[in-house]
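In structure tokens below, several structures.
Look at the two complexes coming up: chain A is in both, with chain B in one and chain C in the other.
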Partner chain A sequence: MTKTLLEIKEFKMHFHTDKGVVKAVDGIDLSVNEGEVVGLVGESGCGKSVTSLSVMGLVPTPPGKVEAGSIQLAGRDLTRLKRREWRQVRGNEVAMIFQEPMTSLNPVFTVGSQMIEAIRQHRQVGKKEARHRAGEALREVGISRDSILDEYPHQLSGGMRQRVMIAMAMVCEPKLLIADEPTTALDVTIQAQILDLMRRLNQEKGTAILMITHDLGVVAEMCSRVVVMYAGQVVEEADVNTLFSNPKHPYTAGLLRSIPQLDKRSDRLYSIPGNVPNPRQMPTGCRFAPRCEHVQSICLDREPPLFHITTGDHTSRCWLHGTEKEDVDRDSSRDVVRS
Partner chain B sequence: MLIPVLIGMSIITFSIVHAIPGDPAKAILGEKATPEAVAQLKESMGLGKPLFIQYVDYVKGILSGDLGTSFITKTSVAEEIGPYLAATMELSFAAMVIAVFFGMNLGILAAWRHNTGVDYTAMVIAIIGVSVPVFWLGLMEQWVFAQDLSWLPSNGRIDARMGFEPITNFYFIDALIQGDFVAFGDAFRHIILPAVALGTIPMAYIARMTRSSMLEVMRSDYIRTVRAKGVSEFLIIYKHTLRNAFIPILTVFGLQMGLLLGGAILTETIFSWPGIGRYVYEAINNRDYPVIQSGILIIAFIFVMINLIVDLLYAWIDPRIQYGKE
Partner chain C sequence: MTAVETLLEVKHLKKYYPIHGGVFGRKIGEVKAVDDVSFTVRKGETLGIVGESGCGKSTTGRSILRLEEPTAGSIRFADEELTNLSGENMRRMRREIQMVFQDPFASLNPRRTAGAAIIEPLEVHGLGNRQERRDKMKELLSVVGLDSYHGERYPHQFSGGQRQRIGIARALAVQPKLIVADEPVSALDVSIQSQVLNLMEDLQDQFNLTYVFIAHDLSVVRHISDRVGVMYLGGMVELADRDELYDHPLHPYTQALLSAVPVPDPTANRERIILSGDVPSPADPPQGCTFHTRCPHVMDVCREVRPSFNNYGGNHFAACHLLEK
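Moving on to the complex of A and B:
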């Protein structure tokens, strides 16, 4: 029996700026089970980072504001935490690594001192013991020379820094690791190494991973389940095989078509026409309608809910997969309809 | 780097001093002196020689620790200048402490409470601070706190009636050595007003630079990482952010200390503070060349030393900066 570790329900994070309200995350549902690797994909600006930062309580408020919903971590609602309580969660129960390894470590402190700080923040151990644990955590990520503890970040390559970031994130053995595009800034061979490393940590330590990326290749390689986001909402969710073999939402289908393929030669790479909607002025009706080739009149009128596709846990936010009647009949709290 | 700067400074001070209109011999002997007496005095003061020779003599003197002899008191400047120097250093140090402590904390507070009433208030204080002239602030302080409210003394370093016997001429140190806490307290009360007058402008500049530098660092990725570790807000600000924001703050500090030394002359005059500033000020009135030259040279020397220390601090704060390894 798998237990749910993270459960985000109808969560809305809006930014109140001088130029209007940015609905960066506008009612998303997402769950991660213990030990599971879940992919979160979508185009730039769709709200992936805001979602993940919300789980860490790292969205600056103001301008950000939780408008609705909850984020449950092991049964506790994070949106209600006080500042002190947040500090117990961060780095301890949930840890995070970021896209930019080059700038994510403090340039004026040694690797060792930054790792020791992470350990001593949550564990009652002496400096010496913490240093020992830091060395061990670095060996786990494949850095065996102890001298690195006394080196400064600028002395390391990008791949090395990302390893250090992972070691630092893992040092208190969090139940969930959030990786926000951890390999985007690295070159291909290093990317593969880092992904390998993360997969090994997942298997050996049972750490659940929420993998944020816009690279479907990464998803195929790492994840068991995928959540696709578009304009602040979840538009499709499925296990990874179903999603790749049988994408339902026209946006997901478009994303899949835009992956370059070695076996099929084509002169031009497919890309979804049009642009992401302005987050300050979302279209009424389906948010993907202006770019969708299957658009019908209802799409422009009414926002589609998440419909259950007949097979298992596959959901899609598209009028092609359900009817208005079902929407009216939808079960009380969740925005999900069974068909 | 230090040596060419010091040579340049010695040339500049020498030239400025000799460009001051007026004749020292006439100044000493008075308007009614006979031309012969004036010429004779000039000769004995070494002013008859060509300028270049005078300069060489002057530099030779400095190198052997001889700063010349005052035309007026006839004592060696090197001997005489000690207490004045100590007074100036004590005042400047106090002003510096005020500037750094209040400036940085004001800037940190403003950055931490960015775009709130606290931020706006702090920045209004800083804007007023950079634009208020030292002499005006000094006179206002004297008027309000010394005259009107009689809270604090407005003149001198210590109450003369205490009969305080200095040893090193740094009164705070001396008072501690002697275990004389009454004198310590009195010296403390005396230094407050002039130190505040002198420290206000650098305080305001440091506050502004601290704020903008802190804001920039706070937005950086690595501060987000620190926060993601669960580190407390206090350590995020005072350990991680401040250390990174320090370089530009330090630059402003170095520049402001130069201006502070200049401001010291004005402040000393207003508060009858017996420092280098007053010493040189009186020397200028008397055309006492050796005193003027040495006074200015010493102030310039202190300025260079402060900037040298600032440069060393850069490398200590930021491991990416390494001198001599470029």
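Moving on to the complex of A and C:
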């Protein structure tokens, strides 16, 4: 029986700015089971990073405001935590790695002192023991020389920095690792090393990973389940094989068709017309309707709910899958259809 | 088919940057950013150049326009030796060779409108009068899929994809023969990337353009190129027709690179070659073959002798001792 580790329900994070309200995340449902690798995919501005920062409690409030919903991590609602309580959770139960490790490592402290700080924040150990554990964590990620503890981040290559970040994130053995575009800044051969490392941590330590990326290749190789976001909403969710072989939402299908293939060449790439909508002026009805080739009159009028496709866990937010009446979700405990 | 005409010929191109140090700031070493690279570009084709960061692909591209002054080597463009041209003549020559950059925001002046950015190269090269230049600007905007009112806007008012369209319109303004595009789509989202790639292909047909397309994304390069060159640590390790290179890579580095690309197909079951370690520093490149420190097939000779760049049939060039037998 798999247990749900992270469960985000109807979560809304809005930003109140001088120029209006930006609905960065507007009612998303997402769950990660223990030991699972879930991909969260979408283009810039779709809300995937705000979602992950919300799980870490790193969205500044104000301007951010949780408008509705909850984020449950191992049974605890993170949206209600106080600052002090956050420190217990962050780095201990859930840790995060970022796209550019240089900006998340402090340039004026050595790798060792930053790791020791993280360890001693969460564990009652002396400096010596903490240093020993830091060295062990680095060996886990394939850095065997201890001298790295006395080096500064700028002395390391991009791949090494990302390894250090992963070691630092894993040092307290969190149950959930959030990886926000962890390999986007890295070269292909280094990316392969880091993905290999993350896969190993998942398998050996059972760490669940929420993998946030725009790279569908990375998703296909790493994840067992995929959630696709567009303009602050989840538009499709399915297991990885279903999503790639039988995408249901026109956005997902369009995205898959617009990637150039490595093993075969098409004469012309498919491209989704237009641009992502302005988050301050979301279109009424379906948010993808202005760019969709299957658009019908209902799409411009009413926002589609997440429809269940067949019996599995495949959901898609599109009116093509039926009308509201016939497709109301009855069997699932999750209230999927909202109007 | 008519005989293929060579538009650009780069021979033994080298670009070294001095490293200064010590008390007197004397030269204590060299970064060999580009170290003996040769290739040709045929008229109307797209030559893709791939490689990881620091392999010298951008420096090679910039050297073609002499935005970086080559240390040695020859660059012949349409029977003219570019390395010998005076500054003024080189500036005129850039009417024929234009560049499109990765970050269109960084290459546009934030205080000038998109229209002014497109008109600027026309002014520099003294083309047309004021009215003609404005008409040309509007025409170019529509060619790249924007509306003429976009000319009045400032760079920050555009999305990334639109800015790249402006960058392309600007490069097209002087009707160049060759466009060197340095990572033109790597800052863009997937759905926008395919729009820009399609646009570049359409423009190539429409204006009979030749492209040197520099990128790190192997899938993008395969899509757009006719021939592809792979660079590693300042050198060209392999160069072949597109399908030949992707289907039958000869060099161990190309093989590893291709196997490392994540493919958007969860059912794909591929043999993966994971290279260990990082790319060595170009300030202190390894002796012999530059790839020998990471090569899974390294032999003794690789540590001593630099392999030569040979044709292994069908214009498939590679530099590897495994092939030299």
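Throughout what follows, the second predicted complex is superposed on the first by the 321 of 339 C-alpha atoms of A that agree within 3 Å, B and C clash if a C-alpha of one lies under 4 Å from a C-alpha of the other, contacts with A are read in each partner's own complex, and residues count from 1 in each chain.
The definition used in the following text is that contacts are C-beta pairs under 8 Å (C-beta built on N, C-alpha and C of every residue); 3 or more make two chains touch, one makes a residue touch a chain.
Source: prediction; values computed, not measured.
Colleague: State whether chain B and chain C clash or fit side by side on chain A once the two structures are superposed.
Modeller: After superposition on chain A, which the two structures share, chain B sits beside chain C with no clash.
Colleague: After the superposition on chain A, what angle is formed at the C-alpha centre of chain A by the C-alpha centres of chain B and chain C, rounded to the nearest 10 degrees?
Modeller: 80
Colleague: I'd like to know which partner A:91 touches here: chain B for first, chain C for second, both or neither.
Modeller: In the superposition, A:91 touches chain B alone.
Colleague: With the two structures laid over each other on chain A, which partner does A:217 touch: chain B (first), chain C (second), both, or neither?
Modeller: After superposition on chain A, A:217 lies in contact with chain C alone.
Colleague: Examine A:255 and indicate which partner it touches, taking first as chain B and second as chain C; both and neither are also allowed.
Modeller: A:255 sits against chain C, while chain B stays out of touch.
Colleague: Quick check for you: in the superposed arrangement, does A:79 touch first (chain B), second (chain C), both or neither?
Modeller: neither
Colleague: Touching A:70, do we find chain B (first), chain C (second), both, or neither?
Modeller: A:70: touches no partner chain.
Colleague: Looking at A:190, would you say it contacts chain B, chain C, both, or neither? Reply first, second, both or neither.
Modeller: In the superposition, A:190 contacts chain C only.
Colleague: Touching A:154, do we find chain B (first), chain C (second), both, or neither?
Modeller: first
Colleague: Check whether chain B or chain C contacts more residues of chain A in the superposed model.
Modeller: C
Colleague: Looking at the superposed set of three chains, what is the minimum CA distance between chain B and chain C in Å?
Modeller: Minimum over all C-alpha pairs of chain B and chain C: 5 Å.
Colleague: Across the two complexes, what residues of chain A are contacted by chain B and by chain C?
Modeller: none
Colleague: Write out the stretch or stretches of chain B touching chain A in their complex.
Modeller: Touch residues, chain B against chain A: 220-233, 240, 243-244, 317-320.
Colleague: Quick one: which bits of chain A touch chain B in the complex? Just the residue numbers, please.
Modeller: 56, 58, 83, 86-92, 95-96, 98, 100, 103-109, 117-118, 121-122, 152, 154, 165, 168
Colleague: Would you pull the chain A residues touching chain C in the complex into a rising list?
Modeller: Answer in residue numbers: 43-44, 157-160, 187-193, 195-196, 214-221, 240-241, 244-245, 254-256, 258-263, 265-266, 268-273, 275-276.
Colleague: Write out the stretch or stretches of chain C touching chain A in their complex.
Modeller: 52-53, 159-162, 189-195, 197-198, 201, 216, 218-220, 222-224, 242-243, 246, 256-258, 260-268, 272, 274-276, 278-279
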